[in-house]
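Okay, so subunit A shows up in both of these, paired with subunit B first and subunit C after.
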Partner chain A sequence: MTATAPTTGVQPVLTVEHLNVQFVTDEGTYPAVNDSSFEIRPGEVLALVGESGSGKSVTSLAILGLLPGTARVTGRITLAGESLLDAGEARMNVIRGASVSMLFQEPMTALNPTMTVGAQVMEVLTNHRICSKAEAAKRAVELLGRVGIPDPERRAKGYPHELSGGQRQRVVIAIALACEPKLIVADEPTTALDVTVQAEILDLLRKLARESATAFLLITHNMGVVADIADHVAVMYNGDIVESGPMKQVLLEPAADYSQRLIAAIPKMPAAHWDDIVTAAQEGTVTVPAVPASLPADDVRPALQFDNASIDYVRGGRAFRAAHNITLTIPEKEIVGLVGESGSGKSTLGRCALGLIPAAEGTVTVLGHPVHARSLLSAEDKAVRRQIGVIFQDPGSSLDPRMTIAQCIEEPLLVHSPEGLSGRQARQARVAELLDAVELPSHYAMRYPHELSGGQRQRVGLARAIVLNPRVLIADEPTSALDVSVQAHVLDALRSLQAAYGFACLFISHDLAVVNEMSHRVAVMWQGHLVEVGETASLMVRPQHPYTIRLLAAVPSPDPREQARRREARRKLATLDDMATLADGAPPA
Partner chain B sequence: MTTSTPAPELAPRLSTASPATRAWRRFRSNKLAMIGTTIVILLILFCFAGPLVWVTDQVTVSIDLAIINKPWGTPGHPLGTNNLGYDILGRLMKAGQTSLIIGLLAGLLATLIGTCWGAIAGYIGGPVDAIMMRVVDAGIALPATFLLLILSAIMHPSIPLMIVVIGLVSWLVPARLIRAEAITIKTRDYVLALRAVGGSHTRAVARHIIPNTIGTMIVNATFQVADAILLVAYISFLGMGVEPPATDWGAMLTKGIDYTYAGYWWLIFPPGLLIVITVCAFNFIGDGLRDMFDVKGRQS
Partner chain C sequence: MASNRAAPAPTAVLANVLAKPEATKRRPFRGSFWWYLIRRLLQALFVVLLVTLIVFTLMHLAMPAGPGAGILGLGATQEQIDAFNHAHGFDLPIWQQYFNYVTQILQGDFGDSFKQNMTVGQAIALRLPKTILLAALCMVIALAIALPMGMFQATRRGRLADYALTGVNFVIYSTPSFFMGLLLIVVFAQKLQLLPATAPAGVPTVAYLLANPRYLVLPVITGSLGTLATFSRYMRSATIDNLSEDYVRTARAKGTSKSRVVVRHVVRNSLTPVIAMLGYYLPVMFGGMLVVEQLFNYPGMGLLFWRSAQQADYPVLLGCVLIIALATVIGSLLADIVQALLDPRTRGQLQ
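And now, the complex of A and B:
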């Protein structure tokens, strides 16, 4: 399949023609990329999108000549007139860094912790003998300034651990830019970052692509990122490019069957009232709203309740307060979304509800009974815990690799031996019933977790969470490690189980779009404080707290039109001093 | 809330072979491990089934000068005889039984104690872990050979005693290894999920921590067996091993050493060679098992 390139007179920087990659293993040969062709022109951003295993990263590694020895590559890759597949290893070493450079996902591992930031930027310049050492030092500071590092002279003398995650990624970008490459391959450059930081990095990449002739090959699974900065999109599925074209066309009117389904699976967010929000902010009428302490209606029974709860972590004798005076109620049969960026304390709150961390002050109650985080549990504690189920983020570590699926699911039954479910046959029947409820075939009971895909494992996790028929479910980022289409399946399963069993759910996520689809109400956490709680429908279109506004404006929307509005709103809000101080400054009193 | 028809998840590339078959294939692909396994099987056959075929008297001391100190190649005694008239080939088999039994059982005992100690220390953590691991540090600081020599001097060394004593001095290293694993395993979500539903600590250790250290455990056990066989040999070589007429390869070496200058090499070379071969074989198996349990080596 050939990517349709725009008919401009400019020669493409990179041309990939009929690329095939196969991996040879001791169990046979399997194809990773089939007959892929595309090209990128100077100053363009081509997004290669697809889910894990689709071959997008393999394509990028083929371009850089970094595939492992077990790969067989055929086809043609031409960079500025030079065939990369015919270039030897020595020539490729010159090309990498000088003509093509790479941006990695995890900025912490991409930088050397024992070298100063400036030295790492200089290293690229001196390695490729572009300029003298003194000249390189000057250029390094310039580059750091260009990627938006404040006070670059001083920062150049600092080490990576002294920078924030976003600044580290800026340094990685500075290194990639150092030799003014013709092409930058960015493999999930913002996936490891929080949304507000991601938005800043995307703004930077967008600016760099606009003002230089560098072409970008962006590898990503996030359609919001694509909508923000890509000019062209190629959609990969199972090693094939199933569709390619201008970004707006592919995202708004996908033609291929797979692209349509992929885009349909992305959780949607309503269009926010940006005009009202920006106007209110400009007029200075944004105030920090009081967090409602009580329930919206008096007649609902609370299933899970945090009453003025504060949580401390003790490390090396010093306590660090991870959550401050949280008062939050999760009513019966309701899903409450808890959103926030990393380090906001949202997972801590979930673990406290599970009795894994004690509350330093205040109380946490489940159906009116207090949750204790004791090492040795009393019969009463066990009775409380029977009412709580949990599903964790990482499908790789949430199931014991040495237990069969049936053993994983029935473990809570063995812990509690509830009435009617204590016999072996009763347990087997319950496992079969739950496998059916999460739509997994019954013969999976005898399989081991590593034989299942991530989505299937997460459904097993769901089955285990509800095996005791709990009244409260704590879901801690249950779909963050999954591809979007798999995420849609797991969310569907969770929704239908919630409807069938009627448990209350604290749904913890960093993804506002997922929370928007799943929950009745949303609570927003920021630096250990609960800053806003509201009905999902109103909070997502008209947030009140400055931090929520900033968060919402930073979430990239897969709809290019909404994304343009958000970017505009973000630009306007950034100019307002009081918004910036509210969102960056000290936590609310 | 939307109603979407998402694309089917790419099915995991499930190999048709079962996990056990694949693990066996990985083990088999390590040639040294296969050689090691073959040698151990042959040695066990030699020591335990050998005496049924090659029947010799290893109890009665002979004073017949026509029988003692015969060189190798003597008809009826292919490896010769020693100063007490015992047939060397038959003696190698009998001594091998002692060495292998002590080695295997002591290795097993050390692994068992070490695994439980390490798993509990790592799981509980904090001051309990600190105290338990200081005990291990103190134990490692004591020279095991020295301890064994003293015990052999004050007690009559028998096979069960040797097993217990060697087991009790060599569990320290596995305890350290397993503790390190337990510390990482206890933070896995499946252990947290068990604690969250109110599962006991015993269950967490017995059902989750220990089974997940099995790779380290088995690999280490093979090295423990090799070490125990060597340790028995040291002790016996120093003359503090099992008492006659029982013997082991180390004891055969000691007896033979007196005659080295007389050129009776057939008294030393065969037992020495068997010790080296056995220890190497178990180490090879250990390497192969490490490949087998290596998660990173798991293709597809």
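And now, the complex of A and C:
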């Protein structure tokens, strides 16, 4: 299938025609990309979207000629009139870095840990003999400054581990920009970053595309990122480009079956009242909300309650406070979403509720009973633990690879041997019941985790979490490792289980859209503090706390119209000094 | 309004976070490099003491009546033996004997040899430099071949050259060094008569050995082969690990050629764990020297250790054990420090 951007008279920078990639292994030949064609013009951003295994990363590596030796590539890839597939290795070394460069997904590992940041930027310049070594050192510092690294002279002499993930990605961008390439291939450049950092990196990329007429091939699974910076979109599925066209057309009126399903599976967020929010911010009437310390209604019984709880981590003899004075109530039969960026302390709260780390101050109670984090549990402690289920982020590593699915689900029953479920037959019946509840076929009971897909494993995780019929479920990023269509199914399963069994749930996630779809109320954490708690419907459209506003404005919306509003709001809010000053200057309501 | 007074934290917190000066705090002494070094040295001291205690106890168990009978020979009367044991303090309770021994060592006195007409310190001073010479030569030669070889294999992983070298490696690795040494003696010393099979009679000096390197050839080959096989395997797997790192892909995307990526990026990152391994390898090296020295009659620590064990030369044996224990703890301490210094990620934590 051919994806052609509307002709604008400008010659395309990159033309890919009938690209086929196969991997030849001892077990056989696997097709990865089938007959793909697309083109990109100067200054344009083409987004190649799809789920894992769709062939989008293979396409990007094929353009740079960096596929492993087992790949067979046919078709035509033309960069500025030159056929890349016919270029030899020596010629490709001249092209790579100078005419086409690349950004990668994992900024944490993309840089050499034992080489200074400056030397790594210099290398691309000296490789292509752009300038002398002394000149390259100067240019490297300039480039680091241009991509927004503070104090670039000092940073150039430092090592990558001294930089944050976002800063490392900026360094990789500086490397990619150094020789002013015609095309930059960006493979999931913001996936590993927090949303506020992601928004900054996307701003930078958009600015670069506009300023330098560099063409971008953006590989991503995130439709919000697409809506934010892409001009054209090509949707890949199983190695085929199933649809392509202008960004708004594909996102708003997808034509192909698969695109429709993919876009329908994306968790949605309501359009926020950006005008009100920005006006309030401009007038300086944004207030720091008081976190409600008690329940809205007194007749609701709390299932899980943090009462002024502070949590410390001790490392090397020094304590680090990961959560400060948290007061939060999760009422029975309610899902409370807990959002925040990495390091905000949201997982710490979950671990504390499970009794894995103690609260240094304050108390944590489940159904009125305190949760203790001691290693030797009393009968009472065990009874409390039985009321708490947990599901983790990584469905692959949170199941024992040497236990069958039935054994995985059954294990909590053996540990706690609750009344009525102590016999072997009773346990087997319970396992069968739960497999049915999470919509897995009963014969999966005898399989091992590696035989299941990620989504199926996460359903097993769900079944295990509720096998003891807990009153509280802690779900820590349960769908973060999953593709969006699989995520939709797992979330559906969690929702129907919650409706059927009526447990309360602390739903921890970095993804505001998922939290919006799942929870009745939302709690927002920032740097170890609970900054805002509110009804989902109101918090998502009219956040109160400056940090929540900043967070919400940074989440890219898959709806291009809403995304345009968010970007505008972000721009206006950014001009108001910064959010911290805003928060600091805000008078209490 | 009341609800605000109940929860004033967020505003204050935001201001606090912004106002906090980050870099002005001085690092406390605990957790600094010197604190780390002192802690490690104390640990090392403890380990050395523990080793002497174990060996001391073992030897006491082997000769519960004291070494007098063994040293004075069969002709000695019981009175003579008792007198000898009493003169040397061997009739004291064991804890007292041990205490005396440790006190002596702390004063730099390792005691006198029972069999040789010299102090333990003299015996060791005579032998140790020669073992250091032999071990250092073995190490340098083995590494000079093993490191490039491991890298070469890693870049040709799964191809004929890699398989061939791996095969040779396994043959060397699985051949005991005494057997390898015997083979070399039979071929080069007896059949071809190219090289001497043993060190010259008497106790030659280091200078003599350096002036006549012929005597060193076969011992060095025997001693370095096992090390070569071990370290080329380490280097191969360290390089393979690094070749699949993301930073290699970044470097390739910059237009750096495959071979330049290896030279500029991969070598240093792969060397870090291998060089750190060297420290831990030091005691293994000493053990290897014991066999080699015995085989070629090379007058080093290994031979001294062996002879004194056979002759029940108590003080010399303890001295040797002490030296080896010291080498072990110093080696592992050096390994940790070198590794930390080579890797900028840990270097920051040490300083």
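Everything that follows uses one rule, which is that the second predicted complex is superposed on the first by the 579 of 589 C-alpha atoms of A that agree within 3 Å, B and C clash if a C-alpha of one lies under 4 Å from a C-alpha of the other, contacts with A are read in each partner's own complex, and residues count from 1 in each chain.
We take it that a residue touches a chain if its C-beta (ideal position, glycine included) is under 8 Å from a C-beta of that chain, and two chains touch if they have at least 3 such contacts.
Please read these numbers as outputs of a predicted model, since none were measured by experiment.
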First, second, both or neither for A:464, with subunit B first and subunit C second: first
Touched partner set for A:112, first subunit B, second subunit C, both or neither: second
Which superposed partner A:128 touches (first subunit B, second subunit C, both, neither): second
Which of subunit B and subunit C A:161 touches, first, second, both or neither: second
Which superposed partner A:419 touches (first subunit B, second subunit C, both, neither): neither
Partner chain(s) touched by A:283 [first = subunit B, second = subunit C, both, neither]: neither
Which superposed partner A:517 touches (first subunit B, second subunit C, both, neither): first
Contact residues common to both interfaces of subunit A (with subunit B and with subunit C): none
Subunit C contact footprint on subunit A (complex, rising order): 64, 66, 89-90, 92-98, 101-102, 104, 106, 109-115, 120, 123-124, 127-128, 159, 161-162, 172, 175-176, 288-293, 316-318, 324-325, 527, 529, 531, 545-546, 580, 583-584, 586, 588-589
Residues of subunit A touching subunit B in the complex: 25-27, 30, 51-54, 237-238, 258, 261-262, 264-265, 267-268, 351, 354-356, 375, 377, 381-382, 385-386, 388-390, 392-394, 397-403, 408, 411-412, 414-416, 448, 450-453, 455-456, 461, 464-465, 468, 474, 483-486, 488-489, 495, 517-518
Residue numbers on subunit C that touch subunit A, as the complex places them: 3-4, 6-11, 13-15, 17-18, 30-31, 245-247, 249-258, 264-265, 268-269, 272, 342-345, 348
Residues of subunit B that touch subunit A when the two form their complex: 1-2, 4-15, 17, 19, 25, 29, 188-190, 192-201, 203, 207-208, 211-212, 214, 298-300
